[in-house]
């Protein structure tokens, strides 16, 4: 099993959720994060003093999936989350050694 | 070393912390997340217009542990976090290549 | 490619960002987390009743980097985030099988 | 005797000032209400808009508004009179000589009036929230408060033709509330809905307000301020029958708000299955708007009913504006102040035999046509020159960062939108 | 002469209305206080409760309450008189004929009274917060404001037997505050503690309020409103000695609140080692409640002391209610209004020689017994029919989503509970 | 006749009480303003400070302050007179005998004065926020409100030498506002900047306030309260010319605030490119402070201008204090109340021919020197004994946890600082 982690623009979350659900993904965990990258932050002014905001709001989603779904899921995420403008984010793929569903104790592919 | 990542119901956090501490886990990192899964979200109404809340509040905990503790920790988490109702969450196990304690620079099992 | 995950004290975030940027890291994703560890929490009082705060605010940063940068990045993080006091946090290193840049579809080292 | 006249004058002036201060406080009410009902990313901007519009209203009404509204004129076309700035206030001699005809300070009247025009403009800011450019809004505020509002104010309260015709609007369901709503409607039509409010299929997507305690506080402030708004509009307090009248107005204003709240809450509960707080708040405000046209002739029970009908109207009005007409009004201002303002005006003949439905309709049409027409013109001119809508990126990021350079709640992490 | 009588009448009426408006403003105070002291997941619901109860109080007191409280009766059993709705207000002729006996508008009196009953009911909402069903609460509000409160109000202020006996309660430490607290206590006993408040071992778990700036604002609003509450209860202002009396009441009210705040803050600092803001707020309110029974006879220094004792009482009272009696009162209402209300009543003989401890005790027992008894009955009936407590799931998720269908702070991410 | 005198007395007393209640409400304004402009981790503490200082001011002014300020003395050295606590209020006989010289209750005057001293102290809390120890602050509050403030108050309003010299300060640009600012400045100098405010290279780092809706609400509360502050300072209302005067003061106070807001907003827009809400708020307050020294002689247009200059001054003053003088004043209190207070005093001769620049400067220098000097001394003594600054760890964690043992917003997750 693999864990797909994607950093996306927050307003893309609903579209991505929909798109991956359509191809059979049954669970997603989303986290609000702040991203620093090629897309620069901006400068705010507060009472005449500058104030640099380096980190921009992003959403991280994590999906545990079966190995054979990886390509399709990654492609779906990339296509749905892409706006073509800087700051669209990244997808990371890593290995999962085990998955357990707490409710039932099922493990492996069953648990996803 | 392994990284145990568990998505649990928020109100189970304290119990789980207690339970894993009791079996010797010395560190936990918790994150508020939102989960989408078999447990459906709900519909809210705001001024007569519907408004679907797909993602439900969950808590993610991450624990770096020694390989030989994996089974026991996973079992403890699963048992403590289980309510038997849908939405209880998942446990993911993945591999950690290295762990370093910032304060001391210790690495490996020492650092956990 | 590796994923470096570090749990640090929140006020060290800017310094760490600066330091790793200086050695060429181009992207960081930061998350507010709460940490439980050797550094004990504290007790608050609310209307005469005690109220234990076990989890302390920490910041988690994640950096996807090329294999050959691992040592340097870890060292930089550890050196910059260290205060020498308990609660400085941990660095975890894990493997990444693939990285994709959403905007361009680039993969691997290109995508970082 | 003269001392009694002077004392009466002092009491009536004080009563006017206290009522005026209460109406000024309504500025805080609108500010909090709107700040609570927009998203957090647009909160600093709506605060800035509300602060700015109040200041603009005060200055413009001083410069031109009051002179237009209470100046000379032929009943239709007002004539700017420099009432305020050149002439002195009433001297003791004049007051005594008037035999009680002159019973309050002109400046206390000005103070009372100036806070009214701010109320009208506050209505606009809510309806156009979260997408209107800040400085374009301020420009419109200059014109509304310095010209559009005073002209129709002249027609009614300045003794113009609407007054002559027998149109009755005691404290301003029409002159203030429907006026604000008409200006807002013109703006919203040109502005369009907030991005994301309607799906491609035309479905409504709710955009919840970020801070309901603030919205509730705002409503309670408005409720309190309304005692000044209606109570002060009696203009006089200093004898038994006037004191009784003001008391009745206080009681009726309170009763109508209570009735509106209950009615809206029950209707929302029955319709949506939930006790929708925002509808309850709008119900209270609807009750207040409804009774404003005539808070003196109804009995307390009748006032409660008039308020209840207001509350019953406001709920479907908000829903239909939203769903059917696709008029995106984040705070429901057009329904509360416009639709219910009309109800208030039409309800006058129910308890006041001097009023007729015909005259009330005439007043409604005249005021609406004037305010909507001129506002549409002004908004259009601004749209073609400065533009009225923020860019898509600005709307997505929130006006706070782009217009004000700061955030309303910079520290609190927010769920993404 | 007649003009002077009329002018006096106007001034006293105006004074009554201004004080009434200040008391109405206390509704905002309770609303903000409670909204700040509950968890964010129950905030929209407590806002709805407060708005709704105010409206219910206004309507019920108009329909039956005022008629019961100020109607005819034999001193014990009141008789509903339709005072408000049929009889006209005092005519100028009557006023003049009365030779100063009739010195304010009946409707201004009604307005002043109606906001008092809302205060009593507001006390209840805080104590039962975070677990009571919304509509059951509203049902209770109907009975309390329309019947339970007015009956004991009749016994004292309506000229009933408590008044005859010499029981003294100037502005309502008993009739309003302890009354509210007694009704709350009955509710809380039947309702039980919030889930998670006590561990299995009986340890107290603190449940911090989500928004202390709101709670502080609420306290300051109450403090301001209390000038109307106590100041207006003098009922008359229009001559030198009455004006002096009202001034003294303002000074004493302020001094007692200041004393209560300081005392509670110091005690909390000494006891817990920390300057507990919530205790300071409760201390100020305790000072206000304590002085309410008799704000006129103490000197300012005495008033400060009476307030200080209130502040010193409220801290242990809250702690003991919580720890020993396991009475879960999220805002401390039972301690602030009940325990300290009793202190206020018992303190009257210290400065007012007309009062005796015996009579004060009688009053306390009668009011407490009546309100607690009837409330327990009503709560029980509601519990057996509609139920009074939300389901466990609802309590866990928060009442906002289940009862109101919306969230108070939908955008801000919250740490889980 | 006598009845008229009594009625006048009652009206003037009531007017005083109403104005005093409005000034008391300013305590809520400062509290909300400051709670909105600090970081969330220091919010509960600033709330506690504001509640506590108000209570301390009330008690200290009762014990010693009022006696010093309005006692006997030789014009320079006051003599504590126990005015309040032993002597009775004016009897009807005295009032009538005075022939109108005695026209309000002494206690109403005390009430009005006591809320003024709280205002002065509130100014301090904002400037020293986020790093001053709670109990050291309270100790200073005891001295300022019980001694430092009353002495200079005596020099001017108590009929002392500044008054004799012809120094004019109608409602307290100097006696209240500059006084508070001078005490604050002394504290800030000894205290130093907040950690993180200046980088090692001396660059300014902005530390945004956590809750701008609260800050805006606070400003609007202050605006409302200021009608009492300036309006009540006329001291009399009960004849035609006095009623006119109070009306003019209301109009001018409002106009100056509006002018200040607009001027500051436009300047901030021009200078920084953004409509900085916090500058607009400070602009409104600057307008209010500026007009406070003389709200009666300017015409409304002149008042607007005086306010505008205040608004134009406050923006660069805040920036220069911050950047050039490295004076870290989280809410801008020293600029708003000090710099603009001086402007207000110097502007008096522009419209009031009784004033001269020389006399105004004398007053400014005397008050500033006295307050700054004594405050510096007191702060120094406290610094050397109790200490005035929280520890580095406490500052990093926030004062809320360490001083109050609780958090202002315990549930909302915050971005780290």
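The first chain written gets the first letter, and so on, giving A, B, C, D, E and F; residue counts start at 1 in each chain.
Criterion: contacts are C-beta pairs under 8 Å (C-beta built on N, C-alpha and C of every residue); 3 or more make two chains touch, one makes a residue touch a chain.
Owing to the predicted nature of the structure, the values given are computational and were not obtained by experimental measurement.
Annotation of chain D and chain F: jointly contacted by A, E, touch as defined at the top.
Interface comparison, D-E against B-D: more C-beta pairs in contact at D-E. Centroids of chain C and chain F (each the mean of its C-alpha atoms) stand 46 Å apart.
Chain A and chain F, compared by their mean Cα positions, are separated by 52 Å. Across the assembly, chain D contributes residues 4, 7, 11, 18, 208, 211, 217, 272-274, 276, 278, 405-407, 409, 412-415, 417 that each touch 2 or more other chains. In chain B, 31-32, 34, 44-46, 94-95 are the positions where the chain touches two or more neighbouring chains simultaneously. Chains touching one another, given as pairs, are A-B, A-C, A-D, A-F, B-C, B-D, B-E, C-E, C-F, D-E, D-F, E-F. Interface of chain A with chain C (complex): residues 2, 6-8, 31-38, 54-55, 58, 60, 74, 77-78, 81-95. Chain C makes touch with chain A in their complex at residues 3, 14, 17, 21, 26-31, 64, 94-103, 105, 111-112.
On the side of chain A, the complex with chain F involves touching residues 34, 44-51. Residues of chain F touching chain A in their complex: 204-208, 268, 271-274, 276, 278-279, 315, 318-319, 322-323, 332, 415.
By the touch criterion given at the top, residues 3-4, 6-7, 9-11, 13-14, 16-18, 20-21, 24-25, 27-28, 31-32, 35-36, 43-45, 47-48, 50-52, 54-56, 58-59, 62, 84-85, 89-92, 95, 104-108, 110-111, 114, 134-135, 211, 214, 217, 403-413 of chain E touch chain D in their complex.
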